[in-house]
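In the two complexes below, chain A is the common chain; its partner is chain B in one and chain C in the other.
Let's look at the complex of A and B:
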């Protein structure tokens, strides 16, 4: 040790200290970015809990005494509960339908060797590239001719149609990632193709199904354009319901913020509770 | 050679062809009859069609031609689940979401056995393979060797007509592989179920198989007992594939009138009982196994040559001595994995005129690198192959006489 004492120290900070600074800097950067993104949501929630005229005050306050008055108003005056339950129904049914139909298209695409399968897969995904506005008039005319406009089933159909390409694309990746030998083992063990699919393949792709399902749910839940055009007064969804508070005479910010909070809540809870699957599922599917 | 074995519990491939969509031929007109209760190994370099043959037998791949019989029944067009066979995959292919117990029970559940019967059978198999303490665990928490046992257990639970094993030991470390090799053989002796085992490892093939089928480029080269493959290979490919270190090969000239064999600058005369068939003359391929050399003269090693070792590798009681022989090497196509039509035998001016040889000698010989050494061999161990297709024209004398 004596021989090394006169070696000059080039770094003021030790290795561990430098690592700590690095971590801390990164943490701060992440915090600042999150604040920027979270600020509007915080503002929405804050306003939702402001009572009476506080929402319209010239000098905004960052902290308030919470009140549930606005939530009571949207439920009692505007029947926002009906809009929420319509949304929940349409979104859930279309998501389940999407997974069922999507899986039955994606599985053969992933497993059966056929000519031009890559082209088929890409063609399916390319449907997602078409801007929704371009399809809305033809869709409206088609649904009107079968008498479905104004019905919530029109939205179920349209949301399934809208989310199907992405569902097929993602599920195809999940099925392809599953080693073929596991299914072959089931076949040799005595299972039929169907049995092998339901007892082996499907349980093993649950993370993928959950991740895909959540994405479908979010897209359908937040959808506004189709919902606005295809629903009637009794079948409006939550995002359409929000627009009611903008009237020719006034903009009811307190109600918009309360209803907006209610709309964000289920997606938020859903995303948090399946976050584990979402990250794993999306990265798994992304590799192949 | 081929007895009519497919009629009983055996397996029979007849004129089986397999051509993939892209036009590559994986198997060409495979004829093979496996007797009931026999342990047969398919061996060959990668791409030789051994795994494809097994997958066709399992029904996981559809042959483009020919018929397959298991236990006398034509199964060519049957799905895997109707063939009553069990398979062990290279990756084990355990069901990751099921416990060890559920993995073992799955084949029985599919056959609608009662709960009590399933529990009893699984317990018996688990006991036999030492899996009892692991029954409640999931495959993800098991070691490689344990997973291998579960895969075996899943095959054993239901008394199939045949076991198919696709390189089941290749993911294990060397020591465990040797242990499991013995265990699979013992299990086979105990159960007596027809087994087809695929491997690329010729040591595994030699040690495990009752009979071994050597494949090359989709073509069956030889189907015989391990000892016969070693001593009487059908051709140069089999001779070079079987045995480790592999057989020494070089080009030589043979004169049928005198029986003289010339290897580059060296020469010897073959005794009358060790000469190839009458029509062999001129260019022949010469082969001799490294382990047939000796460092001293005795009745079984009576021909000598003096060589200069350039590398000596010690193996403990034995050593491998490498040296150059002044004779031209055989064309690589004749021993390579791909099956080529015919080897080109031109006299290329730039072709090397020496060939690497290896001799496996007793470690007591005391030979050193760079110092000329005398080694002995016998004409009994010489093999000769005809030059165009590598067919054996003279095989070595059998060490052990076959049972009959």
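Let's look at the complex of A and C:
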């Protein structure tokens, strides 16, 4: 009925209006959803900046006058700095090892024609399915027999192993993405395969290496089960260190939240910086 | 793996050697890494298979006896094992299904661009990177019956104080909610990427024909992205079976036995009772369950061709 009175101009206007309303509703809904997922983190960071007994108040306040007291205490009283630096060391070394070993497996898998290539790749992937709790006892006994329990090197080995399937699969994809012709040109010029790899392939896959490395870093940084069992009193990682704020007598919530914030923020920044590769990394290269 | 190469007739020994080097030389860099993977995986697997057949308690090292199927019999006739199986499957299946549905809904919400969507997506990544240990402690703090923020909310809503982690009827559900909070973003990110890979014309068809857009989604789009869905579900299943850190930080298997998942029970048997034969047998039973569940899920999602 209104069709007859509708001028073309008004018709277009109402359509764009409707689209705008739709976009706006969607945006608002997405904002609410994101806030739900953000709220607990906000609460943690907020508590970390609360001083004294505010964390135990029965009427919570959403805003506080920020104090750095908890962060200071975490470093001065509990020596959380040592745990953080242990974590940083173990995580960094295992990540670098993992990239080196991973690349040396992934590159031939991506480039060299071999029999059973798919079987090797899938065998490596299948290691991902084994629950860590199922391997931890034999691994523990094995590492104990070579005298490595309590040393951070046991963790370096375990984290390298833990992240290798992911690394091999991701790097294999990144190497395969690189056009073969670029390397072949160098090979024709007389360069050895080794030289072609280091001077051409590797520099061109740096973004992929960084993305893979950051994912390894995040997984190793957050790991708890192995760290709890394989580290000694002087080699605690940050997640293990956190458990010490919980004693039968009291739980120091302000400090836990401050220490928790210190554990979470670096990996969040890391994850954001590889956002472009995040989906690819999380699916071991299956979804690009 | 390469089989032995015999020099073809007419070829001299040295030429055979050099051709072998040319063929397998490029594979040499793989060797150290493959050896490392073997040592770290095959050895523990066989060791654990071996120990599972022995009555072997680290607290009593003088008394190691061959048991055959003893440990397996013991476990399979233990009601607490079956209780653990039930709890684990409840946890895994409910968490992963809710994450899949919620993740899909949020992915559809973010599919069409709107101002600020990149910023909100950056926030959505946050829960996944929170160390489970930190998340466990944070949950305990927020759910604290005296001063937790959640208690404050339930009280203002007139629901009174609810002990979410201390009530045997609520503890498992609470752990599921925590898992859903942490891992729905994972599903969301993967499904969003998958949706963005769907050909434009199918999306256009769904948009133009508003009335049938729902059917186009269920008939065509879901089918097109079944592979990413299967990958995401398989990975989530594998990781959900591992749940340990959160339980360690919150309920420790309790109250009573409400949150005794399989991984928790294995840890208990191995590191508290030091009964490593029993724990090893347990691990094998669990591994079989994980493999079967993941295979079944892939078959269901990808059809018979998987």
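Here is the rule we go by: the second predicted complex is superposed on the first by the 259 of 288 C-alpha atoms of A that agree within 3 Å, B and C clash if a C-alpha of one lies under 4 Å from a C-alpha of the other, contacts with A are read in each partner's own complex, and residues count from 1 in each chain.
In this text, a residue touches a chain if its C-beta (ideal position, glycine included) is under 8 Å from a C-beta of that chain, and two chains touch if they have at least 3 such contacts.
Quick caveat: nothing in here was measured; it's all calculated off a predicted structure.
Colleague: Overlay done on chain A, so just call it for chain B and chain C: clash or fit.
Modeller: Pair status: fit.
Colleague: Give one of first, second, both or neither to describe whether A:181 is in contact with chain B, with chain C, with both, or with none.
Modeller: first
Colleague: Taking the superposition on A as described, I'd like to know which of chain B and chain C A:68 touches: first, second, both or neither.
Modeller: In the superposed model, A:68 contacts neither chain B nor chain C.
Colleague: Which one hits more chain A residues, chain B or chain C?
Modeller: Counted on chain A, the partner with more touching residues turns out to be C.
Colleague: Under the stated touch criterion, which partner chain does A:222 make contact with: chain B (first), chain C (second), both, or neither?
Modeller: second
Colleague: Which holds for A:189: it touches chain B only (first), chain C only (second), both, or neither?
Modeller: first
Colleague: With both complexes overlaid on chain A, does A:41 touch chain B (first), chain C (second), both or neither?
Modeller: The answer is second: A:41 touches chain C but not chain B.
Colleague: From the overlay on chain A, compute the angle at chain A's CA centre subtended by chain B and chain C, rounding to the nearest 10 degrees.
Modeller: Once the two structures are overlaid, it is 90 degrees.
Colleague: Please indicate which partner A:239 is in contact with in the superposed arrangement: first for chain B, second for chain C, both, or neither.
Modeller: second
Colleague: Note down the smallest distance between any C-alpha of chain B and any C-alpha of chain C in the overlay, whole angstrom.
Modeller: In the combined three-chain model, chain B comes within 9 Å of chain C at the C-alpha level.
Colleague: In the superposed arrangement, what residues of chain A touch both chain B and chain C?
Modeller: The answer is that chain A has no such residue.
Colleague: Could you please specify the touching residues of chain B with respect to chain A in the complex?
Modeller: Residues 21, 58-60, 79-81, 83, 85-87, 89-91, 93-97, 106-107, 110-111, 154, 158, 164.
Colleague: What part of chain A is in contact with chain C in the complex they form?
Modeller: Interface residues on the chain A side: 23-24, 26-27, 29-31, 33-34, 37-38, 40-41, 43-44, 47, 55-60, 101-102, 104-105, 107-109, 111-112, 114-116, 120, 124, 127-139, 141-142, 157-158, 160-161, 164, 168, 193, 218, 221-222, 224-225, 228-229, 238-239, 242-243, 245-246, 251, 253, 256-257, 260, 263-264, 267-268, 270-272, 275, 278-279, 282-284, 286-288.
Colleague: Show me the residue ranges of chain A that touch chain B in the complex, using the header's touch definition.
Modeller: 113, 179, 181-182, 184-192, 195, 199-200, 203-204
Colleague: Where on chain C is chain A touching in the complex?
Modeller: 1-2, 26-27, 29-30, 32-34, 36-37, 40-41, 43-45, 47-48, 51, 106, 109-110, 112, 114-117, 120-134, 137-142, 146-147, 149, 152, 181, 184-186, 189-190, 193-194, 197, 227-228, 231-232, 235, 238, 241-242, 244-245, 248-249, 263, 266-267, 270-271, 276, 279-280, 283-284, 286-287, 290-291, 294
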